[in-house]
Structure formats: C-alpha cells, structure tokens
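Structures incoming, each one as structure tokens.
In what comes next, chain A is part of two complexes: it sits with chain B in the first one and with chain C in the second one.
Up next is the complex of A and B:
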C-alpha cells in the first residue's frame, strides 16, 4: 500500500501538508472505529468507577462519565457509530443525488422539471424537524437513522451535481457522444462524471460533516443511537452536567467531533493534485 | 537617439506545477522607434504575447521577468515598483486585448468604460474625456459616434467592440499601443474594417505600436517592421517588405507558405458513385415555436439544399451568424430540422440523431471547431479514440490498442500520446486527435466545422494537408465549413456561400471574384488578406465592403 502510494506520487501527484494532516486524523479515526473492540479496555456499558465525572488518570485515560463508565472505551466504540452511520448516510445521499442530478441534466425536459421540483420541496423541510418527526414516528434504529439522514441530504447533492452537470452537458464532447449514439448511462458515467468528480468529492466531504453534526444533534436530543451504546453527540448530551466541572467526559467527545469534521474538510480541500508537468 | 522601446536581453521564467522553472523568453532584444509599428509574429507558445505584456511590466500568473530590461521612454518597466508601473499603464503604454467581448464589463455602458482610464489617472475632467472619446469613435469609423457610448457591450457587434477597445486604449494618449491579436476572432469582412480603423487612428495619433498576431497577411497591412518569434527567441527581424520578399529563416518561409495554401491538391478523379453521398433538400431549421407558415420563430436555415458527391468535398462559407454551423448540426442530427429532407447514400435520415440507426451515425461523423471542448478533458487520448472503436466495431483488448496506434499514425501523432490527457497536448495535436476520433468510426462523410479557425496558420495548413492525404488514403468526403475562403478554396471542389441562413450560390473554387457572381461572394473574395503590404490601402472604400449583408436577408 505504502509502495503504491509512493509510486503514484512519483507518477505525478502534488500533496499539500495540510491535506496530509487531515488525512492522518481521518485515518486515525477510521482505524480506531475498526479496531475499537480490540483496544477498548472496558465494555461500553460497564460501570468501572465509583466516582462520576472522574478526571484523566493512569487507569482511565480520558476520565469517566456521569455513571462512572470508562470514557476511552466509549469514545472508541462511539467512533463506530459516528463514522459508520455518517459514512453510510453520506454515501447513500451522494450516490442517489449525483446520479439523479446528472441524469436530470442530461435528460432535461419534464423529467428534470418534475424531479427538481420534488426534491426542492423535500429540501424546504427543515432537516432537524424532519429527522425528529421520522425518528419519533418510526422509532430509532441504525437503518432508520441512515435512511433519514440520506433522505435529508439527497436534495442538496442533487442540486449540486445537476448544476455542475448542466455546464458539462453543453460541451461539445457530450454532443459528440450523443451523435455517436451513446445512451444516458455512458454519457453520465463516462463523459460527465469524470469532469465533475473533484467538486462532487469536495461536496461529499462537506456533506459528511453536516451528517456528523446532524447525527450528533439528533443524539443530543436523545433520538440517535440508543443507550447503553452512544455516538459522540449522545456522549456530549449525557455528560452535559459535567460541564461546570470541566470534566473530560464532555470535553473529549466534543473534541472528537471537532477533530473529525475539521480534518475531513482539510482533506477534501487539499486532495492530491495531479501534476500536469511530467517532465520534471 | 534612443528608441522609444528598447528590450535588452529579456528573459521570462515560468514555474510549472511541479516546481520546475522553464525559460519561456530566452534573451530577446527588440527596439521600437517613435511612431513605428512592430509586429510580433509566431505560432502559439512562441512567447509573442509574453513579450508584449512585458512592455506593460506585467507577466501572467506563475511567470516572472528573470533578467534583462524593458525600457519604455527611458524607464525600465521590469524594474519599476508596481505603483509607478500602474501610473504608466494606460497613459504611456496601452493594451488592446484579443477578445474585446471578454474585456468589457457587460453591466456598464461602453462610454463609462472607455473614459475609465482618464478617470483613474485623473487626466481630464469627465466631460472632456467624453468629448475626446466621441472624437476617437469618429476616427475609428464607428456608427453614430455621439450615441454609441450609451450602449452596453452586448448591443454592439464584435468588430465595433474591438474598435471601442481601441478607443479605450487611446484615450490616455499613450506613446505605445499593444495590439494582442485584436482581429483573430473576427470575420474576414469585419477584420478589414477594424484593421483600417486601427491603421487610420494610429497614423493620426502618431503612437508607436506592437502588433501581436500569427497571421502574416494581416501583419503585412499594418506593420512597419516584423519580428518572427519561435521558442521564445527572435528568429528574424526586418522591414515588412523585406520579410515578405526575402525571408531568410525557414520558419518565416513556412509562415509565408501557410498564408496561401497550395490550391487544390490533385484529388483522384474517382468515379463518382451512382448517386450523391449526401443530399440535403429544402431544409428549414431554427429555434422557437413554429409559426403558421412552417418557419420557426428564429429561423437559422431557410430552405437550403445541397449535395455532396462521393469522394468530393463541399465547402460552406459565410460570416459568423450566417447559419453554416447550424447547418452542420442539422445534418448531424444535433438540431432536428423543422422541415426538409436529408438523405445519406439515397436512404432518408431521421431528423434527430437519437432516431438514426447506429450505422448511419457511424458513416457520418462531425468534427467540431474547438478541440478544447470537443475532447473530454478527463479522458486519456487512448480512451477517447478507443470508445468509437468499441461502440461501432466492438473492438476490445489488443485489437483495439493496435487500431488506436494505427489511428495515431494516420494523423501523424506519436503513439506515446496515447496516455496523455487532452490538456497536455498542443492545439494542433488536439485537433488531430479530434479528427482521429471521427476516423475511428470509419466514416464516409466527415463534417469539419471550422476545424482550423482556432489554429495558427502554419498548424492549420498542416491539418489541411493531412485532410487531403487522408482523403486519398481512405476515400472520404468532407463538408468543410469555414469563414476562411483561402482554406476552403484549397480543399473543396464546390463551395456554397451562405448569408443569413440562405445559400446564395454555389461556385467552383476558381470562380470566386469572377464577374456575374453574387456581390457577397465578390466581397468575400476581396476581403481575403493578401501578403501585399499595399493591399488594404489599395482596396477602394466602396469596394463592395459596405455591402449591406442584412439586406440579403430582408428580400
């Protein structure tokens, strides 16, 4: 893996140090999420300390929460929910939105009009309210959370992709493909997508951040991941009482959310750039 | 006496995105005397615009002046602090850009923008500036000089806008005016008016000029001296007459040859097939709702009929907006016609490309003007060429690779280009790939829509030559659309002249300028720039140049 990365660099990609830092933090959280059950010192729900809102000690690296549970274990396991649910939701939202957006731009006509108006209508519902209503109505489970978040963020991805695709659609090479007799699938997948992939990825990263924040918000309101499991947003909420004491139990999950969202943005704003001058 | 402009040992460096430095101007020495017009001529990438911009003390982003001096009226533009340079720009040195349409702010009136220079430099009160602007408008032969300033840029024509940008440059009474390919984007008929206006106004203002162009015939009309550039170095400098009559450098000779392409390379008198290859009958096309008379709201093509014989070439010529590109799009099925009939090899074609069978699409290919937008910038050349092979001929794997190699050979490109992206190719190479993609389909008829208009004259001549060779090898027919009569004459057997959506006549290449032909055809013929430096002055003011084009549409 490292070797292929390096050889790709030699093939001509320019890295930005800010992007590298962002990538490292994102990779760190991804590894933590994957390896959580192996490295978490205690089970998530186990009360391990008689004290609550314990400070950082040698035994409990990140202190304990309002019930005396180990924060380190909870943060590690919470990463799975925060990163996993957000990633699934954002992937679903962007795949649907971008595909529909490109199709609408290429097809045009009534298909475009009807789809655009429908998704605009969906977009006009406040996202938190929509999330509250759905979760209150169907109940909270991980698939419901993923689907709800995906539905909330699809119209934005659709609008974004459609706006980009409309511009590419007017280019002569798309006309050439059309005159060649190509179908919509080839035109959107092979002619348009490669030309909008950069902004679409940037949008995906941004949307990921929104999803993390909305999920944390829902969890904060008690509608997200249900106890004893908790994602980072839920941890902030359940430990909010520790705020006056400056307890690590409330500070650490906040920092985790901030570090993930900021580093994702740093990464997407500084994706490796292809070097056009190859003769160096 | 010192010259107005003295460039000594100018070197300009550019930094690539991998951090490598390239010298794009390598030690250039040039002089411009007071009141003299020096032309910088060369292919794209030869550094002519970079040198011209250095006279303003400006380099494009990523470039910097690495050495040498650019002395304008005793001051070194390369060494001055930015604030002093800014004070000289517009008052000492002025710049006329290639695309006036992009240089004007669409949301402000022309007058406001023309007098902006006077306002920025506090040269004269606004009323005086306006009066001066009107004088300049009159000198530049603009219509309604008193009121044209109140219009917005989109309300004047391209040629008028280019002249207005000259007024903008001249209002600060500069000693040096830089013309950066100001007529390249214009029709030949418009180009004459603009050139004539430039020439008159430069003579009157006695300013010196630097004229950047790749068209030797245009330069011959306006320049006193010519400097030929290639690869960031001056190849040859001399008086206009001397360069035209006795070029010493091979590149100068290539430029001269490109102006007058060898007319009609002998085509094999192949037995024409039983019927015409393409037959277009009474085609009407346009935009908007279709009226009761069967004409669309904005008609672009009015009852045009034409035929292309197998193995023969048809040229379509006319100024921009005459509908010649629309006609190409109608034939290709991009814009379905409102009425009329298009038949390929006797078989009627459906109006829209989507309804045509794949084989009919394969036999008729279209090559667009701008290779930049006609090639997908995200796909490598090999992929671009490979797709029609897979799509039409089902070729895959090694057979496909071999065919891609053969196509690249055919258009005289090195095979190593296969892995490159279009953005990494030069303009001429891109146009060759564009052509190769059409050839990949193994077509019978190729519609070439202004394919040489965006290219240098030398590169364009090479493309034309390539088209001729391919025709001999593959037995193709071309429909060649252009506003450049010389190009069309050199390759076509028949030439259709279009004005305002109508085909006014069809001539053999040799019949242009002959008496008895349509006045517009004669105008086109007369507007072709000649290498003779006296050509522009020799053109009578009345030489049908003012022939009202729109009058033809009204009839």
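Up next is the complex of A and C:
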C-alpha cells in the first residue's frame, strides 16, 4: 500500500515542464468540451453575422463561418464531438484489444494463433480506407463512427497488450496463481493487468491521437460527423471555400486539432519513465 | 543457411496471400451490410415489385452472400471487375486512367521525398543532440501529429494566398507544357512529401543512430577514422536494411495521404474516384478501389518485411 502511494505521488512530481504544458492544454480542451453549452457566446446553429467568413472581431472572437455563424461557439461545441467520439472509440478499442491480448497471452495455443493472424490481417487494411468502406456500406452516424474507429484500432491495442502480457505470463507469481487453481479471469485481472497498466494507458493516449486524426480526416471527406452537427474536421470541410481569403473559419479548427494532438503527444512523451516503459 | 532465407521469404509471401484473402472478405462483407435493398435503391422511382425482382436475379442478389463473394473474387482474379451501379460503365474502364494518374502522383512524390528524407534523417543522426537534430525531430513530430488536410490547407494558404505563386486547385488533364505540369503537381506533391517524409526521417534517424551506437562504430572512431568515414563506410551499410524497410513502410503512408490530397486539390486520381463513389454508394467501384489500395499497401509492407529478412546478416 505504501509503495503504491509513493509511486502515485512521484507521478505528480516527475512531470517535466513540457509535459505540464501538454497536460494543461489537454485539460483545457476537456473542460471546454464539458462546459461548452455554458460558455458558448452564441447558439451554435444561429446565424449571427450578416457577413460570411467574417474576420476576428471583438464580438466574434474567432470570426464567422460560411453562413455567418459564430466560430467560437462552433469550435466549443465541436470539441464535444471530436473529443467525445475519439475518447469513446479509443476506450472501446483498448478495452477489447487489451482484454483479448491478455487472454491470448494466457491461453496460448490455437486461440492465440488464430486471433493474432486474424487481427494482423485486419491491421493490414489502411485505416482511412477501412473507414471509407464501412461508411459506404452502412452510412455515417455517431454510433457507427465510434464502432468503426474502435474496430480499426483494436488490432494495435491487442498486439501491444499481448506483447507485454506474454512477458508477465512467464513470471513465477503467474505460475503460482495457476497452480493455485485460479481461472483465466483472475489471472488476467489480478495478476497480469496491474503489471502492464502503465504502458497500456500510455499506449491508449497515443492511440487517441490516431483516432482524432482519422476522425478528423473522415469528417473532412464528408464521411464523419454529419451536418447540422460538426466536429473540427467537418468545420474545415464546410469552410474550405474561405481558404482563398485566409478566413479564420478554416484555420481555427485545424489549429484546434493540432493543439489537441500535439499536446497529447507532449504529455505522453514526457510521462515519467516508470509509467511508460515496458519493463515497469 | 540460404534455404532459411528462402523459407522465411516464402512464409512471408504465403502470409501476405492469406491476409489478402481475409482483407477481401472483410471488404466484401463491410459493403454487403448495406441496409435496404440495392436493387430498390438503384431503381429508385421505377421500383415496381417485378422490376426489383428482375434486377435482383440479374445481379445475383438472391443468392447467398458466400456465393456472391466467391463470384466477386473469381471475377477479380480473372480481370472482370464488374459494372458501376451509378453509370453502368465497366469498373475497369473507369479506373484505368485514374489509376495511372495516382501512380504518377505517387511516383513523383517518391522521387522527390525519398532522397530528401534519407539525407535529413542521416544528417540528423550524425549531428545527434545538436540544434539541427532537435529542430528536425520537433518538426517531424509536429507533421506526424497533425491531420493531412491541415498540411494541405497550410500549403495553399502560404503559396497561393499569401505568396500568390501557385493556383489553389489543379487538374491533371489540362496539362500542355512542362511549366503547367509543374504548377499542377507542385502542391499535391509538396503536401504528400511532407506527410511521408516525416515518418521516413524518423525511422532513418533511428536506424542510423542504432548503427552508430554499436561497438564497431566506436572502434572505427578510436582507430582514427574520420566521422564521415565512420558514417559512410561502417554505419550506413549496416543500417541499409532498416532504411529500405523504413522507405517501404513510409511509402505505404502515401495511401492515407493520397485520399485527402486528391480530394482537396481535385486531382483526378483513383482516391478521388473512390471518395465520390462513397457518396453515390457505387459498391462495385468502391470494392475494386479498396482492393487496389489494399493490394498496394500489402505489397509495400511485404516488401518491407522481406527486405528486413534478406538484409539480416545472421540469416545469410
């Protein structure tokens, strides 16, 4: 108990300045996504400016979009879609992938072989193409997007977790647990998971970045979040007409995506070694 | 020992074939899950029960899915790619010219970015820890963690809006002179090069750094060889396998990038064709395009794997 407490304290202290900046930006977007309806200055769908692609003014901090809607409000609400969908998808992908990965490592045999081969094959479909094909087949809605993104990133999480779990699986305490007669569920949950949770969470963070990028890409192609809702990628798409004027409506959503993905990378890269390393 | 290489390579190729089969299965069933009846959708207003039934028989829609899958894959293998739903033109005809356009774009991008990326990667590894290395590393991480369309829009903003050097859009079929060709290709190639170079620089740097950290590199330095000689004669030949591996892997990122780039620049390639087909739900066209992309991707990663096997001196 004392040992876990100490490591938890170190976790807070060992973050270097770059990591802190990353953490602050990530936290900022999380708060914005949660509090969006409270702080958005204008209703999202309402046309508030007679001019379209308006510049940044005192009333419209981030300018207006192609219909004259307030960009600041739209960015704030868009954060909910971008962050929310990505988070749900990555959580689902990592939960499935890590559970399957640990089970495969513990069970071994044909289950492991067949699952590994199948997921490897799934992994060799380029992710954007997979998204395109599914959307073409089933159409785009938020649950479909979450499920598709989760399926695309499950093989990666599986591979990562399996590689870690195979090492832990050879340790004596796992053998002891097995001799004790514990079931697969117990071995996975109580013996292996606590020993790989750090790297798995770091991996979840990096995978989150990929999901945000893919979701934005799909939305940019018009295959992600559908109007009237818009995430940041869809905002770039709908305002692409403002590109020749250098309108803030095109630039700001891209910057929002970049700030989110780069800060997550900064945070994960600067996590204390203890959490990130495979041997932890 | 030679037979061991042959065995590994053959094994890898067999795995690729199995993968291709699983992939085609996945693609077929992902697109066959379409809710609603394809025949009804196609006929639209003219969907009388008799017409729908007729079309269903004609398209083999009333057969079990597994039969349709076998028929489709058999058609692909014998070069019969089916007919587009949207305009009843054979898919092969639609794809032909478009595929050539995309390959042209990919080839130009590869020719431009591979030497630049390898140069930068090796230089960054040699100058490890200097300002140059840190700038290159920071830039590559920046490019990797940003969506492709942002690189494209930034390029348009910089070169056509502020500097006014280039047109924002390009059409490859209006090319008459070399100058025009350059103007059409510059922006898409620039964007794609950024996307794949970032990966290539990172992997090349890692490979060379690893080779330079080996005891034989230190030994060469200690016996008095110059830094250039250590890098060119001792480290590089040993890092060659990983570097070629990195190049093949990075080129596979072209696939993701090309979808965005062709859309944003209106480039008449196969990726644009596919994105358009998604909006009209033209399934035969989507399936074929998807298979072409997966084939290209699989080819590149298999080459990367085989190079890694062949270049491993322990297996020779």
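FYI, the second predicted complex is superposed on the first by the 257 of 280 C-alpha atoms of A that agree within 3 Å, B and C clash if a C-alpha of one lies under 4 Å from a C-alpha of the other, contacts with A are read in each partner's own complex, and residues count from 1 in each chain.
Note that a contact is a pair of C-beta atoms (placed from the backbone, for glycine too) under 8 Å apart; a residue touches a chain by one contact, two chains touch by 3 or more.
All values reported here derive from a predicted model rather than from experimental measurement.
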Which superposed partner A:163 touches (first chain B, second chain C, both, neither): neither
First (chain B), second (chain C), both or neither touched by A:31: neither
Which superposed partner A:132 touches (first chain B, second chain C, both, neither): second
Which partner, chain B or chain C, touches more chain A residues: C
First (chain B), second (chain C), both or neither touched by A:175: first
Touching partner for A:18 - first (chain B), second (chain C), both, neither: neither
Partner chain in contact with A:191 - chain B first, chain C second, else both or neither: first
Chain C-contacting residues of chain A that also contact chain B: none
Residues of chain C that touch chain A when the two form their complex: 15, 18-19, 22-23, 26-27, 30-35, 141-142, 145-150, 153-154, 156-157, 160-162, 168, 252, 255-256, 259-260, 263-264, 274-275, 277-279, 281, 283, 286, 290, 293-294, 297-298, 301
Residues of chain B that touch chain A when the two form their complex: 16-20, 332-334, 353-354, 356, 358, 361, 366, 368, 370, 373-379, 387-388, 391-392, 421, 423-424, 437, 441
Chain A - residues contacting chain C, complex: 117-118, 120-122, 124-130, 132-139, 209, 213, 216-217, 220-223, 233, 236, 240, 243-246, 250-251, 254, 257-258, 261-262, 264-265
Partner chain B, residues of chain A touching it in the complex: 12, 14, 171-173, 175-182, 190-191, 194-195, 197, 273, 275-280
